[in-house]
Amino acid sequence: MTVYSFVAQLLAVLIAVAGAPLLTGWINQCRAWLQNKSAPPLLLPYRTLHKLFWKESVVADGASPLFRAAPYIVFGAMVLACGIVPSLSTDLPLAAAADAIALVGLFALARVFISLAAMDIGTAFGTLGARREMLVGFLAEPALLMVLFTAAFITQSTSLANIVETISGQEFAIYPSLAFAGVAFAMVSLAENARVPVDNPATHLELTMIHEAMILEYSGRHLALIEWAASLKLFAYSSIGLAIFFPWGIAHVHEPVGMLLALPVLVAKLAIGGAALALIETLSAKMRIFRVPEFLAGAFLLAVIGILVHFLLGA
Amino acid sequence: MEALLAILGIPLAGAAVLGLVGHRDFAAAVNIGFSLATFVASAVLTAQIVADGPILVLQQQFFVDSLNVFLVTLTAFVGFTTALFARPYMRVERDHGKMTPPRMRLFHSMYQLFSFTMLLALTTNNMGLLWVAMEAATLATVLLVAVYRTPASLEAAWKYFILCGVGIAQALFGTILLYLAAERLIGAEGGGLLWTNLDAVKHQLEPTVIALAFVFLLVGYGTKVGLAPLHNWLPDAHAEGPTPISAVLSGLLLNVALYAVLRCKVLADGALDSRFAGELMMGFGLLSVVLAAFFLSRQRDIKRMFAYSSIEHMGLVTFAFGMGGAVASFAGLLHMTVHSLVKSAIFFAVGHAAQKAGTQVMDDIRGLVRVNPVVGWGLMIGTLAILGMPPFGVFASEFLILTTAMREFPWTTPLLLLALGVAFAAVLAKVQPMVFGETNVKPLAHPPAIVPVFVHLGLALLLGLYIPPYLEGWYRQAARLVAGG
Amino acid sequence: MTAPTDWLAIDWILAAIGGWIAIGAAGVLRPHNFYIVARVLFPLGAALCLLVAVAAAAALFAGTETAVLPLGLPGLPFHLRLDALSAFFLMLLGTASAGISVFAAGYFRKGEGTPPGVLCLLYHLFLAGMAMVLLADDAYVFMVMWELMALASFFLVTANHTIPAIRRAGYLYLLIAHVGALAILLAFGVLQADTGDYTFDNMRAQALSPFWASVAFLLAFFGFGAKAGFLPLHVWLPEAHPAAPSPVSALMSGVMLKTAIYGLLRVGFEILPTQYAWWGVLALAVGLVTALFGVVFAAIQTDMKRLLAYSSIENIGLLAVGIGLALLFTGYGMPSLAALSLTAVLYHALNHAFFKSLLFLGTGAVLHATGERNLGKLGGLLRHMPWVGWLALVGALAAAGLPPLNGFVSEWLLLQSFLFTLGLPGTFINNLVPVVAAGVALVAALGGYVMVKFFGIIFLGQPREPRLASSHDAARWERVGLVWLAVGCVALGLLPAQVIALIDPVTRVLVGEGIGPQVASQGWLFLAPVSAERASYSPLLFLLLVAASFALSFVLVRRLYHGRLRRAAPWDCGFPLLNARMQDTAEGFGQPIRQVFEPFFRIDRQLPSPFDRQPSYRMEAGDHLWHWLYLPVARASDGVSRLVGRLQQGRISTYLMYSFVTLLVMLLLVFR
Amino acid sequence: MPGLVTQLINLFAALLLLLSFGLLAQRRVLSLIHLFTLQGLTLTASTTAMAFFTGQPHLYWSAAITLALKVLLMPWLLHRMIERLNVRWDVETLINIPATMLIGIVLVIFAFNLAAPISGLSASVARGTLGIALACVLLSFLMMITRTKAIPQVIGFLAMENALFFAATSATYGMPMVVELGIALDVLVALIILGVFMFQIREQFDSLDIRHLEQLKED
C-alpha cells in the first residue's frame, strides 16, 4: 500500500473518531428544533465525554475483568468499523482485512461483549437489557447482512470498497433491489442505534429501555467510551448507508484530489442524513418491546425481497 | 466308525446309567462327563471327516458328510456346555423344591436320551430312522417340559406333544411317498429310504410324487423347526420347561429339524428342477420372521420372548436356504451356528437371572448388573448379539443373507429390514431395564455357571470378526451339499 | 509390518487403534482401580490420539494408502483405505479427542455408575470404532465398525444407568442409530448394483442409472442423517448428549456426528460418480430446517447440556446446507464453486469439533464443581472457576461465530459460497437460494443469542444458589484438555489460509478441484477464496487492529485523564432488597425467542392460580415432530402386534386348524 | 390272481375309510375305542393279505406287530384309561357332526384327486389305495381338530398312525423292518406318555376337557 492510501486510511479513521460525537450532537439539535425545544449546543457531546472521563468510575463489587474490558473492546471494534467503511475514499488498505460480512461480525462482537458485560453484575436490569439487545440483534444482524448481500450480488463483491467503487463507478442506474434494501437498512439502523421507534436514548424508563438498561452500571471513563462507541456506531451506519445508496462523491483509488472534494460532500450528506433521522424520530412513537421483532422481521423480509428481486430481474 | 459308534453309544449309555443314579448328588457331574465324552468323540469324528471325506457305514445305515458332521459337533458342544450350566441351575431348582429326586433322575436320563436322538437323527442315512429319531426327540423332551407339573407346564407339554405328533405324522406320510417314488428306481429290497441312494437317483425321481412328499415333509419337520404358522407349540414349551431344556430346544432341536428339511430339499431340488421347494421355504421363512418380530413386542415372560426370537431366526435361516445358492446357504449354516451358540448363551443367562429374581416376568426383573454384573452383561451382550449387532457372528450371517436377498429378491428386503427393526426395538426395550437400573434381585447360594455364556459369546464374536480358513472350507463344502451345486 | 522405520501412515494409525483396544482391555482387567485408569490409561490414549492426528496430517499429502486385514467375511476381508478425506477426518478425530482424553483423565470419578475400567474400555472402543469407520473401504467393515461405534457410545451414554431418563435416552439413541444403520446397509446394497462385491472400489466402478443412484443417495442421506441428527431424526440427540458423561458428550457431539458427515461425503461425492442438483435442493432444505430448529430450541433450553446438544443440531444443519450447495454446484458442473462450499463444510466440521468439545467439557467441569445442570440454579461461576470460565468464553465466542475466532471463518466461507449462486440456472433455485442464505444468516445471529445466554447465565451475574460460592475450579488434567481445545479454536480462527491448505487435497478427492492455490497466492495473511477484489478477510489483522485500538484508547485514557476506580455495591434502583434470585432466569432469557417462534414449540404451561397455597410455574416446550411422527409410528406397530397376537389364542384345536389349513393350501399349490 | 388281491386290498381300504368316518361321527368314547380296534384289525388283515400274495416275509412281521399293538395292547390301555378316569360320557364336538361329515367328504374327494396321478405310478398291486390312505390321514386330522376332550384327540392321533401304516404297507411293499419297529416303538411310547399326561391333567384340572388348556396365549 502506498503512502497515499495509508494517509487516506488514517484520515478516514481520525475523521470518524473525531466527528462521530459531532454527528450525535447535530441530530440532537435537529430533534430539539423539530420538537421546538431550545436546542442543546452542538458540541455538547464532547463536553459530556470530557466530563465523564474526568469522573472516577465506580465499579460494582462483583464485577469481573470482563466488565471493565468490555468498553475498550466495543470502542476498538467501532473504530475498526469506521476504518473499513469507505466514507471519504475507497482506497482503504484495511478494507482487505474485513469485508461486509466481517463488518457485520464486528458489530456482533461489540454487541455480544456489551451484553455479557451487562449480565456480569447480575442486576435484573442488566440481564433484561442484554436480553432485549440480543433480541434486537438476532433480527437486525441478518437484515443488515442481507442488505449488504444485495449490494454484493449487484457488484459481485463483498469488499465494501469494491462495492462502492462499482456502484459509483458505473453510470447512474436505478436498482429496484436497492430500493428495498434501502428501506430495510433504514429500519435496521434505527434499531441498531437505539433510536425511536425501537429504543429511546433519552429515556431511563425501565419498561422500555434497551441500550440504557445495559449500561446502567457504567460510569466515568467506561461510560464515556461506551457513549463514544455508540456515536461511532451511528457514524459507521450512516457512512455505510451513504456509501451503498449515495456513493457519489467518494474518492476513488488513484485520485488524490478527490479526497479534498470528498470531505465537504461527506459532511453535507451526514448533515442531511442526521436531519432525516431526527425527523423520523420526531414523527414516530416508541413501540412496545414486543412490536420490535415484528418491526425488524419486516426489515429482514424487505431485505430478502430485495435479493429475490435482484435474482429475478437481474438488476 | 468307532468315533461314530462312540457318539451314539455314549449318550445311550449315559441315559441308562443316569436312569439308575440320576437322583444322586454326583449325577450332575456324571451328566457333564458323558456330554464331554460325546463332545470329544464328535471332535474326533469331525477331524476324520475333514481329513478323509464322508463315511458310509453299518450297511449304509449311517452317513456322515461335512454337512451333518458340523451339526454333530455343534450339537455335542452345546449339549456339553448346557450340561455345565444345568448343574448349578438344577441345584437351585432343587433347593427351591421344584425338583424332587425322581424328577432329577428323569431330567438327567432324558437329557442324555435327547442328545442321543439328536445325534441319531443327524448321523442316520435312513429317512425312516430320521423320522423315528425326530419323534423320539419329541418324546424325550415332552416329559421334561412338563416336569414341574404346574398347570401351565402341563398345558405346554400337551400342546407340544399333540402339535408335534400330528406334524411329524405328516412327515411320515411324506417319507412313505418318498419311498414310493424311490422304490420304482431302487427296488423294494430296502435301500429305497437311504438318503445316499435317493441322492444318487434324485434326478429320475418322479416330480409329482416328490413335490407332494416335500409338502408333507416340510409341514412335518417344519412344525418342529417352528415355522409360522406351525410354531404355536414353541413359545409355550420354551417358556414352561426348565431352562436347560429351553436352551437345547432352541439351540439344537430346531437346528436338527431344519437339517431334516434340508436333506429333503436337496432331493426335491434334484427331482423337480424348479424352485418349488425353495419358494415354499422362502415363504415360510418370511412369514415366520415378520410374525415373530411383531409377537416379540407383546411378551411379558422372558423365555417366551426369546422363544419368539428363535422363531424369527429360524425363519431367517429357512429363508436363506430357500434362496439357495452358495452364499445364502453358507450364510444359513453360519446363522444356524451362531444362533444356537448365542441363543443358548442367552438362555443360560436368562435362567440365572430368572432364578435370582424368582420370576420369569420381565417387569419384575430389574438391574441385574448391580447384583451380578457378569450375568447382567452376559444377558445384555447376548441380546445385542442376537439382535444382529456387530461385531457378533449373527450380523455377519444377516449381512450375507440381506445382501443376497437384495440381489436375488429385492422385494423381500424391506420386509426383512422392517422385521429386524421391529424386533430390535421390542427386545431392547424389554432387556435394557432388566439389566440396568435399580435392582430388585438377590444373590443365590450356588455361583452361576458363567463360563458357558461367555464361551458361546466369545465364539460368536470370533465368527463375526474372523472365520478360520478350515472352518470356512468346511462351511463351503456343507453349503455346496445344501445348494446342490 | 516390519521395522517402524518403513511404516506407512496407515500402519501407524492401525497401531494406534490396536493400542486403544489394548488400553481398553487393560482397563477391564482392573475395573475398579481408579488410579491406573485415570492417571495412566487415559493419558496414554490421548498420546495415541496425537499419534493418529500426526500420521493423518502426514497422509493428507502422501496420497492414497490401502491395507487389507485378514479379518471379516470369507471373500470379503477388511479392506482399509486412507485417502485425503479419511485423513482429514482422522486428523479431526485425533486432535479433538486428544484434548478430550486428557480432560477425561481428570474427569472420571470414583463411584459413578459403571466402574471406571469398563468406561475406559468402552471409551477407547468408541475411539477405535470411529477411526475404523473412517478407514473402512468395504461395506462389511464399515457396518461392523459403525455399529461398534454406536454400541460403545450407547453403553457410555447409559453409564449412569440408575436414572430412568438416561436409560430411555440410550434406548432411543441406539434404536434410531440402528434404523439408520439398516438404511445405510440398504444403500450399500443398491450401490453394489447386483455385482455381489461389497468393496467400495467395486461400488465406485458401478455406473448406476439416475433412479438407482438417487435411491442410494436418499437411503444414505436417511441413514447418515439419523446419526448426524437431521430433522426429523434428531430426537435422540438432545436426549443422549446430556445423558452421557461430559467427555463422552464432547466426543459424540464433536467427533461422532462428523463421522456421519464423512459418510455422507464419502457416498455422495466419492462413491457415487455423478451428482444431481435436486439432491442439493433436498440437502439445502433439510439443512436449513434442521439448523433453524436446532438453534431456536437451543435458545429456550434450561439445561446447559441440552442447550449445547441443540446447538449441535444447528451446526449439523449448517453443514448439511453447505453439502447441499456443493451438490448444487457439482450438479450444474461447477466443481470449483463446489470446492469452495465443501471447504466451508470441512472447515466448519473441524471448528465445531473444537468449540463444541470445549463447551461440553466446560459444562462437565461445572457439573463436577456444582452438581447442577439446570441453568436456573447456576450463575456467577466466572469468579469461582476462572479457568473454566475464560476458556468457555473462548468456546462460546467461537460458537457464536464471532470474528476473529474459528466459528466465523467457516460461516464466512459458507456465506461467500452463497454469493456465487447467481450463476445457477432455474428460477426455482434462484428463489430458493437467497431464502436459504437469509436463513443461514438468521441462524448465525441466533447462535450468538444462544451463546450469550449460555455463557452469561452460567458464568456471569450473581450465583443463584448460595452453595455455588464454594464451587472449585477445574483440576490440572482438565485444564490441560480445555486449554488444548481453546488454543485450537484460536489457531483455527487466526490461520485460515494454512487450514485451507490442509483441506485442499480433500476437496480434490471429492470434486477434483480445490481453492488451495488461489488462497495460497494471496499470501499467508489474507484469506481470499476467489480473488482479492471479490472478498478478503484477515483475522490476524482484524485481531491486531481491535487490540491496537483497545490498547491505544486504554493508554490514552490513562495518560490524558486518570485510572481511578472505586468499588461499590451495584445500584439497586432504590430497591434495597435486591438479591441473586431476582436475576433474569434462563427461561426469561429465552422468552423472547419463545414468543417470536411460537409455532415451533408444543408448549404446555402451568400457571399458578391466585389461590394456590404453594404457587408454582411450569413451562415445557415440546417437540411437535415427536407427536406428529414418532408416537403414531409406535402406535401403529403396537396395533399390528396386537392383531398378530390374536393368532396365539391358546386353543389347541385352532392350532391344529392352522397346520391343517397350511397343509391343504400347500397341497393345492402342488395340485394346480 | 393279482386282480383278486387288488380287489381284496381295495375292500380293506374302503373299510378303513368307512371306519375313519365312523370315528369322525361317533360321540361315545367307548365306541370310539371299538372303532379304533376294528381299524387295527382291518389293517392287520390287509397287511397279511399283502404279505401272503406278495410273499414279502417282513410284512408278516409288521402284521403281527399291528395285531399286537393296535388290536390288543392299545385298546386295552385305552380301556383301562377310561375306566380309571371314568370318562365314558358322550363327547361334544366343536363343530356339529353333519357339518363335520360334509367337510370330511370334501376332504376325501380332494385326497382322491390329489392321489390320482400318483397312485398310477405305484409298483404295488394296491395302487388305488394311496388316495384312501391320504383321505384317512386327513379325516383323522379333522377329527383331532373337532374333538374337545383329551381321549378322543388321542384316538384321532392313533387313527392317523393307522392310516399312515396302511399307506406304508399298501402303497409300497412296507417300510424296511427297522423303520417299522422304530415307528411302532414310538407310537407305543407316545401312547404311554399320553396316558401319563392324562392322569396329570386330570389331577391338575380334575377334568379331561382340553378347553382348560387354553391359558397360555397372547393377550
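Each chain gets a letter, A, B, C and D, in the order it is written, and its residues are counted from 1.
Assume a residue touches a chain if its C-beta (ideal position, glycine included) is under 8 Å from a C-beta of that chain, and two chains touch if they have at least 3 such contacts.
All of these numbers come straight from a predicted model, not from anything done at the bench.
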{"item": "Of A-C and B-D, pair with higher C-beta contact tally", "value": "A-C"}
{"item": "Relative to chain C, chain with the most remote C-alpha centre", "value": "D"}
{"item": "Rounded Å distance between chain B and chain D, as computed from the means of their C-alpha atoms", "value": "31"}
{"item": "Whole-Å separation of chain centres (CA-atom averages), chain A against chain D", "value": "102"}
{"item": "Chain A and chain C: spacing of chain centres that average the CA atoms, whole Å", "value": "36"}
{"item": "Mean-CA-position distance for chain B and chain A (Å)", "value": "79"}
{"item": "Overlap residues in chain C, where contacts from two or more other chains coincide", "value": "645, 647-648, 652, 656, 663, 667, 670"}
{"item": "Junction residues of chain D, two or more chains touched", "value": "114, 141, 144, 210, 213-216, 218"}
{"item": "Multi-partner residues of chain A (each touching 2 or more other chains)", "value": "none"}
{"item": "Pairs of chains in contact (touch as defined earlier), listed by label", "value": "A-C, B-C, B-D, C-D"}
{"item": "For the chain A and chain C complex, residues of the former touching the latter", "value": "53-54, 56-62, 64, 66, 72-73, 75-77, 79-80, 83, 94, 96-99, 101-102, 105-106, 108-109, 111-112, 115-116, 119-128, 130-132, 134-135, 137-139, 141-142, 145-146, 149, 152-153, 156-159, 162, 206, 216-217, 220-221, 225, 290, 293, 297, 300, 303-304, 307-308, 311-312"}
{"item": "Chain B to chain D touching residues, read off their complex", "value": "61, 126, 128-129, 131-132, 135-136, 139, 142-143, 146, 149, 151-152, 154-159, 161-162, 165-166, 169-170, 172-173, 176-177, 179-181, 183-184, 188, 190, 192-193, 206, 208-209, 212, 235-236, 239-240, 295, 298"}
{"item": "Contact set on chain C toward chain B in their complex", "value": "70-74, 139-140, 143-148, 151, 158, 161-162, 164, 167, 170-171, 174-175, 178-179, 182, 185-186, 189-190, 192, 194, 196, 198, 637-638, 640-642, 644-645, 647-648, 652, 655-656, 658-659, 662-663, 666-667, 669-670"}
{"item": "Complex contact set, residues of chain C against chain D", "value": "645-653, 656-657, 660, 663-664, 667, 670-671"}
{"item": "Interface residues, chain C side, partner chain A - complex", "value": "379-380, 382-383, 393, 397, 400-403, 408, 412, 415-416, 418-419, 422, 427, 430-431, 433-435, 437-438, 441-442, 444-446, 448-449, 451-453, 455-457, 460-462, 526, 532-538, 541-542, 545-550, 553-554, 557, 560-562, 564-573, 578, 580, 582-584, 588-589, 591-593, 595-596"}
